[in-house]
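Next, two complexes with chain A in common: one pairs it with chain B, the other with chain C.
Let's look at the complex of A and B:
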C-alpha cells in the first residue's frame, strides 16, 4: 500500500522514481509530520487549558461513568448490528428489483415503471425518522388484523423502504453507466430483454457501483440507531438513558466509540476496494 | 504522499471538532457563578470581626435588585414544550401549554415563588427548553427550569436543585381489557411489556422495583409513550400519579389507572426546580418554597391541581 510498490506494480512504463523526487518526498513528509505535531499540539493545549475543561471532562470523559454505562450500551449495540445485517440483505435485494423494473424498456412495462418511480420519489423524499415514526406508531394504531404491531419490525421496515429507494437509484446509475452497445449486442445474440439485463447489464452495473453501495452500508450502519424513537433499546438509547438518569454524557462517548469501531474499518475497506478495482481496470486497459 | 495528505485531513477535521467543543464550553456562567459565591464566602469570613457586617451578609439578600438573574429585573423560567397538564394547564384542558395562564400546579407555583421574591406577574418570562438541553454544560439563558425533575444524588453532581416542591407516587396506566388491569402487586407485572419516559423515576421504578422479564421500552417524550400505547406495542405505561390522571383523561382514550404503587423506588420521587450548578439564586427560591409550605399555599395548589376525586387501587411492592 505504500507509494513505491504502487509505482512498481504500475509496470513497465515507470522504472522507479528518480533520486531527486525521492528526496523531495522525504522532505515533504518531514514537514507534514512537524506541522501536524504542532497544529494538533496547539489544539490539545487549547482544549485542556480552557476554563470549562474540567467540567467537560467530568461530564463527557469520566472513566468510572464509562465503565458503569458501557455494558448496557454494548448490549444495545449488538441489536444495532443485528438490525443492520438483516436490513442490508433485504435492501440490496429489494432495491435491485426496483432498479431492474425501472430499467425495463417497452410500453408494456409502463405501469411497472410508474410504480418503481413513484416508490423511489416518495420514499426518498421522506426523512427516515419521519418514516419510522409514521410506520412505527401509525400503522399499528390502525389495528388492522394480521398486521404485526412490533416496534422493531416497523422500525426496520421503515429503514428498508427508505434505503431501498436510495439504493435503487445507485443501481440505476450503475445500469445506465453500462454502454448501450452492450444491451444491443446481447439482444442481437438473441437474449430477451430480461436475459440481457440479468446476464449482461446488471453484472457490469453492480461492479461499477460497489463503492457507492459500500458507502450506503456505512450510512445504514449508523442510521439503524434511529429506531430508538420507537422505544427500542439500542446503543444510543441506552447511552441516552444513562445520560438522562445521571446527567452525565460519558455514555455517549461509549456509543460513539462502538460505532467508529465498525464504521472506520468499513470506510477503509471501501477505499481499498475502490483503489484495487481502479488498478485492475487500468491494468486491463494497458 | 497521498496517505500523509489523507492523515492531515483527518487530523484537521478532528482538530476542528475539538476546538469547536472547547469554544462552546469556555467561560460558562456556571463557573462564573461558582466564583462569585466563593468570593462572597471569603468576604464573610474576612468580616467576622464586626457582628453587624456578619448579620447583613449571612441573612439572605433576596431583593430583586440583588438577585443573580440572566436578565436583570426579570425572572426567566424554563419549562418543557409542550408542558403538560396538570403541571401546566388543568386536566380539563384549560390553559394547555400556557404557563402564563397560572393554571396548573407548576405554573401557579412559579408565580407564587416569583411573588415571594418580589416579582410582579409580568416580570416572569417563560422560555422553553428540552430535557437534554437543560442539563448540558455551558451557559443557560434561563434562571431556573421547572418540569418535574426528580432530585437524585447523581444529578446533583452536575446541577443544583431547589428543595422538593412535590413528592409523588408512580402509577400504572393500562387499557381496561388488559390482563394487568387488576394487578394488586408488582409480582403480577413480571410478564408485562411496559414503557416509560427517559430520565424519569418511572423508568427507574420499572427497572428496580417491578423488574419485568422484558426490558421496558423507553421514549423521549410523553407523547411517544401514548403513541406506543395506542399502537399496542406496550401493555402499560408508568408515570407519576398526577400525570396518570391527565394521560387517562385526555391522552390515551379509554385507558385507566390500574393502580398507584405504594412502594417507592430507590430514588424517592421528589420533584425539585433545576438550576445551573452554583447558582446563588437557590437559597432565595428555597426560602420562598419554605414560606409557601408553611402558609399552606403549596397544599392548596396540590388540592386544586393534582388531587382528583375517586379512590385509586393500590399496587403493593
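Let's look at the complex of A and C:
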C-alpha cells in the first residue's frame, strides 16, 4: 500500500455534494415538474371535453348551487369539528386508562383485566355505524329516568366507545414496546406498579405510538359524519338535505372540500412527524 | 446480626434449576463478590434478593427479617436495597436529574427542591455535575452507569447490589465505574457484587463466592479463593481466566 489511510473521525472533511450532482438534482426537479404538468393537463382536458361533462358539471360542480348550499354545510361542518374535538379528548384518556388496566400484573387485578379485554373485544367487533344506531335510537327508546335522550349525546358516545376500544390496543402495543428492564428498574427503585406505569412506561409508550394515534385522529375526523344516521345536522346531513330538495349534488362536493381541507393537512402532518421521529431514533442509535 | 442472609434459596425457571440451596451470610459493611461463569446464577441471586424474582423455596433475610415471607410490603423492601444492572437501564425520556429524583420524590415523598439538592450533591461527588440536564443517550456508557449508581444511592439504601455493571462497557470506561464502587466500600456500604472483573474482586471483596450450576461451590477470603481454591471446578474456572489474561 502506497497511499496513507485515514482512520476514524480524523478522516477527510466532507466537501458537500459536488457541483455535478447539484446540477443533476435541478434537472430532476424540472423533469418532475413538467411531467406532472403534462400528465394532469391531459387528464383535465380529457374530462372537460368528454360529452358527459356538461351534465356532470351541472349536477356536481354548479357554482350557484355551491354558493347556495355552502353556508348550511359549513355550519354543519363546525358541528363535525366540535364533535371531533370532544370525542378525541375523551377517547385519548379513556383508552389510555383501559390500556393501563390491561397492563397491570398480578392475580389481584385479574377481574379488572378481564373487564378491559371484554370491553375491547366487544366494541372493536361491532361496526361503528351499528353501534351508533344501537345507542342513538335504542337507549333513548328505553326512556330510562336519568339517562339523556339526546341523539347527539348517544351518537358521540358510540363513537367514543368504538374508537376507545381501538385506541386502547394502540396504547397497549406502545406499552409492550417498552423493554421489560425499564419496568424492573422502576420497581427496583421502590415504585409501585401504577407508579412504574405512570412515570416510566407510559411516557415512553406514548412517544412510540404517536404516529399511530395521529392516524386515528384523521380517521375519527371523518367518521364523526356517521352520526348523520341519527338525523343530526352536521355537514354531510346538510348536503343530503340540499340534494333531496333540489336534486342537485353540488352540496356533497362542498362537504367533500371541507373534509379534505382538514384531513389532508392532518395526514401530511402525520407523515412529517413520523419521518422526523424515525430520523431522530436513527440518530440516537448510531 | 447479619445485614443479609440467604437460607437454602431455590429457584427454577420452568424445568431449569437456576439456584439450588444457596446459603449466604453478609455482615454489615461487608463486600461480597459473586464469581462464576455466565449462567451460574449470579444475576438471579441478586434479583431474588431485591424481590424482582420470586423464590421457590428458602428465605431471604434483611436485618434479620424474612423479606420473602408472605405479607411483606415488597416496595418498602426495595426502597432499602439499591440495585445497578449491566445494561444501565436509565429512563431515556428523563434528564439525569429526573432519573435520580424519581425514587426519592415518588417513593419517599421528598419535596422536589430538596430531592434535587441532594441529587446535585451526589452528582458532584461522582464528577457528573455537568451532566445534570443531559438525557441519558448523550452520555458515555461509563457516565450512564455512574448515573445509574447515583440513582440507586439517591434512595439512601443500606444495601447495594451490582449485577455485572462493567460487562457492557468499553474497556477504558471500566475503571471509572469500579472506582465509584471502591469509594462506596470506603464509606462502609454493604454490597453484593456479581462480576467478571477478577482483579477487582480480589481487591475489594471481604468474601468471594464461586458459583457453579446454581450452587455456591466454595466461598472464602479472596486470598483463599484466588490463590488456594479447594474445588476442582474453581481451579478450572480461574485457570481459564488466567489463560485469557484477565487475572
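Here is the rule we go by: the second predicted complex is superposed on the first by the 261 of 286 C-alpha atoms of A that agree within 3 Å, B and C clash if a C-alpha of one lies under 4 Å from a C-alpha of the other, contacts with A are read in each partner's own complex, and residues count from 1 in each chain.
We adopt the following convention: contacts are C-beta pairs under 8 Å (C-beta built on N, C-alpha and C of every residue); 3 or more make two chains touch, one makes a residue touch a chain.
All values reported here derive from a predicted model rather than from experimental measurement.
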item	value
Joint occupancy of chain A by chain B and chain C, clash or fit	fit
Partner chain in contact with A:36 - chain B first, chain C second, else both or neither	first
Of chain B and chain C, the chain that contacts the larger number of chain A residues	B
Which of chain B and chain C A:200 touches, first, second, both or neither	second
First, second, both or neither for A:185, with chain B first and chain C second	second
Touched partner set for A:80, first chain B, second chain C, both or neither	neither
First, second, both or neither for A:88, with chain B first and chain C second	neither
First (chain B), second (chain C), both or neither touched by A:234	neither
Which of chain B and chain C A:245 touches, first, second, both or neither	first
Minimum C-alpha spacing, chains overlaid - chain B and chain C, in Å	29
Common interface positions of chain A, toward chain B and toward chain C	none
Chain A contact footprint on chain C (complex, rising order)	50, 52, 75-76, 78-79, 81-83, 85, 87, 89-93, 102-103, 106-107, 137, 151-152, 155
Residue ranges of chain B touching chain A (in the complex, touch as defined)	1-5, 7-8, 11-12, 14-15, 18-19, 21-22, 25-28, 30-31, 131-132, 135, 137-138, 152, 154-155, 157-159, 195, 198-199, 203-204, 215, 217-220, 224, 227-228, 230-234
Residue ranges of chain A in contact with chain B within the complex	1-3, 25, 28-29, 32, 35-36, 39-40, 43-44, 46-47, 50-53, 55-56, 58-59, 136-138, 140-141, 143, 149-151, 229-233, 237, 240-241, 243-248
Interfacial residue positions of chain A with respect to chain C in the complex	181-182, 184-192, 195, 199-200, 203-204, 207, 284
